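Consider the two complexes below, in which subunit A is the common component and subunit B and subunit C are the respective partners.
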Partner chain A sequence: MNRAKLFVPATLFGVLVIVLYLGFTLRDPTLLPSALLDKPFPGFDLPVLAGAPGERATRDRLLGETRLVNVWATWCPTCLAEHGELMRIRAETGLSIVGISYKDDSRKARQWLAHYGDPYDFNVVDLDGDLGVDLGVYGAPETFLVDAEGIIRFKHVGDVNPGVWRDEFEPRIAALKGKDEVAENRL
Partner chain B sequence: MEVARSVSLGWRRTRHIAEGEAEARPSNAGRPALGRYGTWPTCLAMLLAAACLGASAIDGFDFLDAETAERYQRLITEFRCPKCLNESIASSGAPIAVDLRRTVRRLMEEGAADDDIRDHLQERYGDFVLYDPPFKPSTWFLWFSPLILLVTVVFVFRRVARLGAVDEPAPEDLDRARRLLRDAD
Partner chain C sequence: MIVELGHFATILALGIAAGLAVVGYLSATRRNWARSATVLAAAQLLAVASGFAALLYAFLTSDFSVLYVTENSNTALPWYYKLSAAWGGHEGSFLLWTLMLAAWTWAVSIAGRRVPAEIHGRVLGTLGLLNAGFLLFLLSVSSPFERLIGGPAEGSDLNPLLQDFGQIVHPPMLYLGYVGFAVAFAFAVAALLARRLDAVWARWTRPWANVAWAFLTVGIALGSWWAYYELGWGGWWFWDPVENASFMPWLAGTALIHSLAVTEKRGAFKSWTVFLAIAAFSLSLLGAFIVRSGVLTSVHAFAVDPERGLYLLAFVVLAVGGALTLYGLRAPAIRARAHYWGLSRELMLLCNNLVLVLALAVILIYTLYPLAYEAVTAGEKTSIGPPYYNRVFVPLALALAAVLAVMPVSRWRRTPVVLFRNIGVMLVIALALGVLLPLVLGGAIAIGAMLAVGLGLWIAMTHVTDFRRRRRSLTRSYLGMVIAHLGFAISVVGVGVTSEFSHAVDARMTIGDSVKLNDVEYRLNRVERVEGPNYTADRVEFTTDTGVALYPEKRHYPARNQVMTEAGIAPGFLGDLYITLGEQLPDGSWGVRINDKPLVRWVWLGALLMAFGGILAVTDARYRRLSRRQSLPSRAVSGEPAVT
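Take a look at the complex of A and B:
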């Protein structure tokens, strides 16, 4: 009985080590859970980057198919890191990608697309970051998976790399496509 | 805020003068560098005034009345900057904090109540932005943990106190001990 008590401090220490280990490693404290999951993409009415003069786009232009909405800027080095992967996704899967040019110089953004290639269906210009606030954006790049009804299904903060694409996006997109097909068959 | 406004005007005026004099610099080449900006007391006063400026002045916001300015200051200290983890949007210089301060101000101008403003930011950035977390199942542990800790401490202390208490030995045990000690001699 008294022998057993000797092990109490060691056991407490062990529990503490495990709890702290899990607390500090399992979850990256800089990643916030998105408050917008399964909520409609917020409304907007913004100029289109490199569009026809005076052309604007609203939320309605996102509807109709599953899309990625990618928040990017030329001042963001990680955006350059993921650019190649976005190009590959667009070329190989044909998935629609819409860009939000976030607090950026539109002239530089156009030069960037001319230089590195343009994976986007279109870009809207969020010059002062108000759409960013509505989307809960706290750092570029952020990538949203938006379904055909305009509901946000997933959000990824940080670069979209091949691993993230394979593990996070592909399964969810497959699930959404499956649901769309079921819905079409019913019609 | 009156102070802030007069200071920002003062700054603009000084900059104007400085630019004007900079053009005329060749003729003043012999003067000490400081002379271009005015006198030492002016510089000192401006430095002191600049140190007093709050975030609202940095953003260039002017409020008509002190009450609104105070409400704004109180609100922006309530929200945590999503990018910087341990700073309120009032104290952070991160661009996202600037955007959120602007959002708070816009909502105030639209006549939103404090709770509407809290809801607005919470809907977009989650509970994370609130320094005062809501009471709900996922935060029960957070809210109750001080109580749990207190109960644990009381429990442990009582156990320790009981272990420390020495019972008076029974008379027959004392007799036996004395007999044993005597026999040992």
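Take a look at the complex of A and C:
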């Protein structure tokens, strides 16, 4: 065995460190370039949580009004933390919220909604996380702002709390609603 | 006040660890420093233990002026969960980690006194350096002693998932294993520094590697068992990144304890063995980084803090990068001709190592693939699910089982062909039984289970035969090996059978309803309201027509307003019955999932036997003799066979 071969582990380790470092810095959501921003919400065809037997939903059901699309799961403690805020937003502003039950046990998800209240218009079940991959979901919770044409306008990683709602979502929604009205008037 | 004293003791421990690093390396060449290194090792343990005791005290007295206590405890918790809540979060669990490293360091300073000073001093110095790094990390960005100004009257409670016996025993066992590999790591670094990498080095390292490996085995088995009964899915392994983080050092450790056998007995595989000794602990560190930096999402992950991740990454680079560079510079590089032929025991152990390292490499790549993919594609995501892992891991595990079954007849250097005569017959018998037993008892053709049962039986037959042949001259290390290998066979059978022969049914049931699953009738008898110490629960009673009662529960924890499902389990040696409650429907009926899981306990029973065998081997007389001698005559054969 010659000496150079003995440095193979150190070299491989160097590669590993680079991957870890890039992964670690990239996963900072503020640095993450969202490739989907101002792009159409990805297509999907998924079962509806607690819907009629066999009921499925597609991207078309997102069209027609500005909505929040919230990626959540019962295994995610932060989702519970933001749940109250979603309930408040739904109750006080009437904004439509659509849920993506992400890599979750549907029985648990239904039970969660029965227990804590249901702020969602409907939920789709993304059991394998395929839609999550299309959406570039890093982890639950994530919340997308989708306009009436089904275009993603904003993405928030982490919990939606009163501060995030006030600073990030409210101004953008107000702007979108304004645009919607202009569009309607033109028609 | 006590918390401040604990904080102070931990700061003191940092100083002592740094001192131990200096004094340890000095004592390697200066005889009169050796005593001081031993004293410092004891002082370090005392100081960290005081810090940890202060934290336990804060939890026991529910001192909510301490931020970490507020985040993880509650007055309504029973005392044993208050104590175990001390390692329920990142900061406290890391303090436990440093405590265990201090304990290992102290044990080495006592038990390793007869090891030559040039090694012993460097081992203690390396361990001191490692713990100094950990303590600095703890005190700078993860202090559990931080106070709140005007603390709240009530804490936010321990996550209900962690309010469990599993939380009391699983993390300490796991950490003992993780950190225990630091000793083998330190021995490797010391041997490279002292240029004394020989068979004697392997004999010193072996007991430490075995004990750490045994703890890690128990820790992983406990975690798997806990996930099985607590998460309510009835699964026992999920290929979750954090499970992988504990499994990778285990695979490296398993390869290490086998490779050490070759280095000790034959003086061969030296470079490879020392590499594995570095790798096992490096993978423990990598696991700590994965869990504590939030770099990968997982059910286990702690709260994310970028500072912590960067510090840990820097630490991993220094410790592992340093050791691997040292390895590149100092590991023996002599290419020698192989001193073993044909199906020798060396070859068997080489196969063992190749399979284990291959499995390790695949798991490492799969675990990090999503990260690498994201880095390369600038932000796109992907994920790798359990089927990918199983597709690679199951064949490798079966291959390992086949090698293991042949091993007992092999001999060092060269195996006389005549010895292989009987194992072919045993293979035929074992495979026949392997096909018949699942077919008759399970009533289905399941290739995986049949191979698992067949290979498991083959391992048992060859080992028991060899055991009977040797029963006049048994050593404890041999006995430990046989027990550990039978444990592996039991785990393989358990995994194979429970994976392929488990049944499940979902049903909506009200009181008086019955459901039939696999010829057993389950009846829902009654529902009652139960008051726990810090929760209220609906408890449902099921009985089967075979006379078994099960009590699954649905618990509500008011402190965090969280609902938990507690599975009702009727454990059995031959299989479990397992019921979880879904939601209660508006009409009062319950969603119910009923499972039967044959041989599921064998998975963990086998792991416990493996660990027991590993510990038993350490009590072998030759390691006790070792501690009474300055040094041993090296039995190393000259040169070293190429491993790769």
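Keep this in mind: the second predicted complex is superposed on the first by the 156 of 187 C-alpha atoms of A that agree within 3 Å, B and C clash if a C-alpha of one lies under 4 Å from a C-alpha of the other, contacts with A are read in each partner's own complex, and residues count from 1 in each chain.
Rule of thumb we're sticking to: a contact is a pair of C-beta atoms (placed from the backbone, for glycine too) under 8 Å apart; a residue touches a chain by one contact, two chains touch by 3 or more.
Note that this is a predicted model, so its numbers are computed, not measured.
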| item | value |
| --- | --- |
| Contact breadth on subunit A, by residue count: subunit C or subunit B | C |
| Touched partner set for A:Asp128, first subunit B, second subunit C, both or neither | both |
| Partner chain in contact with A:Leu80 - subunit B first, subunit C second, else both or neither | second |
| Touching partner for A:Val17 - first (subunit B), second (subunit C), both, neither | second |
| Which superposed partner A:Gly136 touches (first subunit B, second subunit C, both, neither) | both |
| Touching partner for A:Glu170 - first (subunit B), second (subunit C), both, neither | neither |
| Partner chain in contact with A:Asp38 - subunit B first, subunit C second, else both or neither | neither |
| Which superposed partner A:Asn2 touches (first subunit B, second subunit C, both, neither) | second |
| Intersection of subunit A interface sets (partners subunit B, subunit C) | 32-35, 128-129, 132-133, 136-139 |
| Subunit C - residues contacting subunit A, complex | 159, 233, 271, 275, 278-279, 282, 286, 289, 293-297, 299, 306, 309-310, 313, 316-317, 320-321, 324-325, 327-329, 331, 333-335, 368, 371-372, 374-375, 378-383, 385, 560-563, 565, 582-583, 591, 593, 642, 644 |
| Touch list for subunit B against partner subunit A, complex | 82-83, 85, 95-96, 99-100, 102-103, 122-126, 128 |
| Subunit A residues touching subunit B - in the complex, by the definition given at the top | 29-30, 32-36, 103, 128-130, 132-139 |
| In the complex with subunit C, residue positions of subunit A that touch it | 1-3, 5-7, 9-10, 13-14, 16-17, 19-24, 26-28, 32-35, 75, 77, 80, 105, 107-108, 110-112, 114-116, 128-129, 132-133, 136-139 |
